[in-house]
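Below, each structure is written out as structure tokens.
You will see two complexes here that share chain A, one where it goes with chain B and one where it goes with chain C.
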Partner chain A sequence: MRDVLRHHLFWPVAALVALLVANTVARPSFLAVTVRDGHLFGAPIDILRTTAPLLLVALGMTLVIATRGIDLSVGAVVAVSGAVALSHIASSPNPDSPVTVLTAIALALVLCLLLGVWNGFLVSVLGIQPIIATLILMTAGRGVAMLITGGMITTVNSAPFKVLGSGFWLGLPVAAVIAFGVFAVVAFVVRRTALGMLLEATGINPAASRLSGVRSRTLTWTVYTASGLFAGLAGLLISADTMAADANNAGLFIELDAILAVVIGGTALSGGKFNLSGTLVGALVIATLERTVTVLGISPLVTPLFMALVVIAVTLLQSPRMRERLTAARRRQVMAPAEPPSTARPDSTPDSTEVKA
Partner chain B sequence: MARTTLTRTVLAAVSAASLFALGACSSDAGTEPAGGGETAAADDGVITLGFSQVGAESGWRAANTKSIQDTLTAENGFDLKFSDAQQKQENQIQAIRSYITQGVDVIAFSPVVETGWDAVLQEAKAAGIPVILTDRAVDSSDETLYESFIGSDFVKEGEMAGEWVAEQYDGEGYKAVELQGTTGAAPAIDRKEGFASAIEGTDIELIDSQTGNFTRAEGKTVMEGFLNAHDDIDLVFAHNDDMGLGAIEAIEAAGLTPGEDIKIVTIDAVKDGMQALADGKINYIVECNPLLGPDLADIAKKVLAGEEVEKRIVVKDEAFDQAAAKEALPTREY
Partner chain C sequence: MTQQNTPPVVEMTGISVEFPPVKALDGVDFSLRPGEIHALMGENGAGKSTLIKALTGIHSPTAGTIRVDGVERRFSGPADARAHGVSTVYQEVNLCENLTVAENIMLGAEPRVLGGLNWRAIRRQAATHLERMGLDIDPGSSLGSHSLAVQQLVAICRATVGDCKVLILDEPTSSLDTDEVAHLFTVMRALRDDGVAILFVSHFLDQVYEVSDHMTVLRNGTLVGEYVTADLPASELVQHMIGRSMDVLEAAEEVLEQAERPADATPLLQVVGLGRKGSVQPFDLDLYEGEVVGLAGLLGSGRTELARLLTGADRADTGEARVAGRPTRLRNPRAAMRHRIAYTSEDRKGEGVVDGLTVRENIVLALQAERGWMRPLPRKQVDELVAKYIQQLGIRPADPEALLRNLSGGNQQKVLLARWLATAPKLLVLDEPTRGIDVGAKAEIQKLVAELAADGMSVVFISAELEEVLRISHRIAVLRDRRKVAEIDGNRASMDQVVELIAGGGAA
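What follows is the complex of A and B.
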């Protein structure tokens, strides 16, 4: 039991379960999944689909944070990706042809890859602080997207592109299949090879890891490139979801949601050890939280406050210091009845010093 | 303590970013030197008009911008200085200040939010530059700060939508959900109020109402949530077409037929919305006329000529059902 409680995923998973329980209480059929029109249908399936873009962005963010960096530009990259893909499809004479759609996807992904390379270049070669380096693209990127769409919301009708957002494959949403597929591949590559360890080494101490033969610079460059690519893919999923490229609002604040997912998942922003499964749970918690607001019928006026309270609760429960205090308090409660009321609590135990500190 | 330092750095960076964004905007406010002033109109017959637009957040806004840019042309005797505030009040205030220093003849703008305009409008008044509001109103106790407000009556739009719903479906015990606009925005507050008052006394029940922020993406996710939370939704009232279009996606994904299993009523009548109406996916659209350019040109000329103008000019809004949409679609301007 203690091991379960101590497991790094315990609190994020508990939060997810609590949200699902709250939804099920409000709506007993919440977890029901039925087959409709030959595919699975139900709230859990919706949640999987809405998690997809956030999961991709958070995946890149986890790798970047592992190297002690941060990528603020992902939201702008999401907007650029959608703008490029939809503008290409809109300008083509035949928007329903798979060739057009594949070209659009390729164009968008290549451009986002280049944006990632740019971020990586600024951070790893020029040595600019990650926040500043990616801030450049965060502000400039939306301008680029506006330029591409001409300041309008570009909308298209293209059946093959729509599949990315609303299609189903083997009964599951295509968007979820793509995101979870990419996640699985990355998790496998990172954890089954030495790559993950090298990333952590870079994050813990770049200089020491370089001196011991780790190619820190290449690794750093790679994670920013990957982050750009994943954000581009997320941008395609988001724009295919509504078949519209909105340069101003697509992926707005997704960088903050992604950082939140990473933190809920138990990866420290100070770099080093990272936790991909935690990020997955974190992304699911955020998507479920958004759905909970609608299912519980929380007034739009208090929605941000409600979400903030849940997030505060999860992060507090997860913080090691808070947990120590909780265990200390619990232990005292257990000890208290055994002690004579006149004696003060023992003051030399590590628990009580922790409380005083 | 590396973590707290980093958190602080993140905060600093984010605030720096917002400053950056502010500085980056309104650069299109024009580079012409100041001068000209109120006498410009008399000098060369050309009216210099500074316009600060909200942004480019929806198809409606794009049509509104186009109408203004197409009407206030050099041929019509206007020199238009146009700036896009990207939905930020600070940017609009900055743009208006720059118009004041440039000494334009007239300032026109669509306020992003209702409050907080007194100071900058006072400056315009002190400089003797008349101000015209378009599309959205300001909430100020001093009505002399602007000459006229041209725009639709949002309460009326909500009422028109509600009246049609009451007329069509009263007596069938319909359960309706509402997709609200941006929380706190005038159109969201007024349309909600108008709709609620129109369906009062009927057996149509509004079972849920959430904000979809006027965007397609949020309209879709909120509608998905509604479909998860309720079994028996008969009707959706969306405060704009974009959210309605998002709701269509969600309804289709749930295996239902929009326009039949679940009726949809929206406001705006932009092209995509009208197309969906003609295709039978939306049942009724109340127009919110974005073509404010001609009215604005007219009022600007009158104000400069010293004529009395009405404080409130209500733009005529129409409404379309599916048959009317099919007829109107080929000749729609937006």
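What follows is the complex of A and C.
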């Protein structure tokens, strides 16, 4: 039991379960999954699909944060990706051709990869602070997306492209299959190769890592590039869902959700040790939370406040210091009646008893 | 001096501290009287730091009582302890480099006026404190602009602000040179004569003998005894600390005697006119297999800078290097590693260990980095390698999955050594490998160095302790003012000769 409580995934999973329980209480059929036209339907499936883009962005964000960095530009990259893909399809004479769609996807991904390379260059070669370096693209990226779409919200009809957003494969949403698949592959590669350890070493002590021969610069550059690429893929999933390229609103604030998912998952923003399974749970928590708001019928006016409260609760439970205090308080309650006060408590200052229970 | 009949200001009885399953302290008694300098002695992991932390409230003892001025207390933390007159200065200077000296000294005890800070009084009071310490620096200058030694003295100055009854100095001298140590001791004696009780932790035995009145010896978390310094010979002290005799220390020397280099040997690494602007003047140096070359010189004489050029940690802007006769450029640590050159930095915490990773990960780091991330070392090979070095170097705890930050300084140093030994280096450059570690671990490392050289490795050994350099080096390069000024035979050199060279007289 103690080991379960101490496990790094305990609190994120507990939060997820609590949210699911709350939903089921409010709507008993919440967890029901039915088969319709050979596809799976139901709230859990919807959650998987809405998690998909966030999961991809949070995946890149986790790797970046592991190197002591942060990538604020992912939201803008999502917008650029959607804008490029949809504009290409819109301008093509044959929007339903697989060739057009594949070209659009390739164009968008390559451009987003290059945007990631740009971020990585600023951080690893020029040594600009990550928050500033990626802030540049965070603002400039939406401008680029705006230029590509000409300031309009481009709507497109293209059956093959739409599959990415709302299609099903083997009964599961295509978007979820792609995102969870990419996530699994990356998680496997990171932990089966030495990449994870070298990233953590770089994040914890860059100077020592350099002296030990770790190619910290290349690694850092790589994670920003990967973050750009994953954000690009997320942008494709999002734009295929709406089939509209909205330079201003696509992926808006997704960088904050992604950072939140990483933090809820137990990876510290100070870098070093990271935890991809935690990020996965974190992304699910956020997607479920958004769903909860609708299920519980919470007014849109208080939605942000409600979400903030849940997030605060989860992060507090995550914080080791907070947990220490809670356990100390609990232990004090348990112990107090068992011991006679004269021997149990040295008659010292009141603040010394507070922590030293 | 100490009055045996004055009541102790700190009295700790039966203190136990546990980090399950480890018992870090087991029923230790300790008392500290006003107006004495009391040394706390013991090997790494003996429980010195734990005892201090139990006193200042960082660790909570599972048993025992702590009395300060006769009142039983459990402090909630260093700030609480300080408020009750127990101040601590740690080995690493925990100050804010970006603030001024005055701000650092008065931090948390600032005089106030009308709800705001009284900056003029801050400056004035800080200046008074500095003067009392005999420190002639501008209180308005930023702390970061001063040397580590001055920062250390400022930290002590800060600790004595307010009503300081007990001053704990944890390894205050490890980064100071001889003059600075002498200065510090003057300050300590002055404080003692004012009635302050000083608890002093140091690995330098001669310093302990010079300055302390009493000593308490710990071993493996238990109390060995309390002694009057003047009545306890150093050899007995060491035996108390390590629980065995000094033989290990002598062993290093015996191993060393054997080495003899053939006259026509090609140097493993030969550098000519290697230098870097603002770091170290161009120098020549030949390093041979099976030879230990010591670098001697004062703090800041360019010892570390020279080592960094040899190992690619810094890039040289003049001169050339040859490895086994072939010209090469040591542009970065990786380039040096390709030639099997390894470097352990003097800054163990900042540039050596990765404290958030495990012992296992720290040991394989360099080897793995060299292979690249795509070719992970097979787990079985890793486990064998790690087990081998844990056993060979006696790393404690012998747990590959222990986080490095939970190891003592000496064990961290061993892990760092293991990291480089795992890469099978031909040249091993060790910058202060024995700083801040205890006698036993120090002797083990010296012995290891001698053995490695006997097995054909070339070693560059840097230490602020001349005695140590003299003991284990075949050859000694002497540095002064960022220049290599002499190279002498280590077997024939005498302490006086080297000191004279360092000081600037003599042959150079």
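In the analysis below, the second predicted complex is superposed on the first by the 340 of 357 C-alpha atoms of A that agree within 3 Å, B and C clash if a C-alpha of one lies under 4 Å from a C-alpha of the other, contacts with A are read in each partner's own complex, and residues count from 1 in each chain.
Note that in this section a residue touches a chain if its C-beta (ideal position, glycine included) is under 8 Å from a C-beta of that chain, and two chains touch if they have at least 3 such contacts.
Since we're looking at a predicted model, the values are computed, not measured.
Applying the stated contact rule after C-alpha superposition, one finds that A:S91 touches neither chain B nor chain C.
In the superposed model, more residues of chain A are touched by B than by the other of chain B and chain C. When the two complexes are overlaid on their common chain A, residue A:M152 makes contact with chain B while staying clear of chain C.
When the two complexes are overlaid on their common chain A, residue A:S319 makes contact with neither chain B nor chain C.
Contacts of A:M197 after superposition on the shared chain: chain C is touched, whereas chain B is not.
In the superposed pair of complexes, A:F30 makes contact with chain B only, with no contact to chain C.
Shared contact residues on chain A (touching chain B in one structure, chain C in the other): none found. Those residues of chain B lying in contact with chain A across their complex are 2-3, 6-7, 9-10, 13-14, 16-17, 20-21, 24, 55-59, 62, 65, 84, 86-87, 180, 183, 208, 210-211, 215-217, 220-222, 224-226, 228-229, 242, 245-246, 249, 252-255, 272. Across the interface of their complex, chain C is touched by residues 192-195, 197-198, 200-201, 204-205, 207-215, 219, 272-273, 346-349, 351-356 of chain A. Those residues of chain A that touch chain B in the shared complex are 26-27, 30, 36-37, 41-43, 46, 50, 70, 72, 129, 131-132, 135, 138-139, 143, 146, 151-153, 155, 166, 238, 241-242, 244, 246-250, 259, 268-270, 290-291, 293-295, 297, 300-301, 303. Within the complex formed with chain A, the residues of chain C that make contact are 57, 60, 65, 71-77, 80, 313, 332-334, 337, 343, 345, 350-357, 361, 365-366, 368-377, 419.
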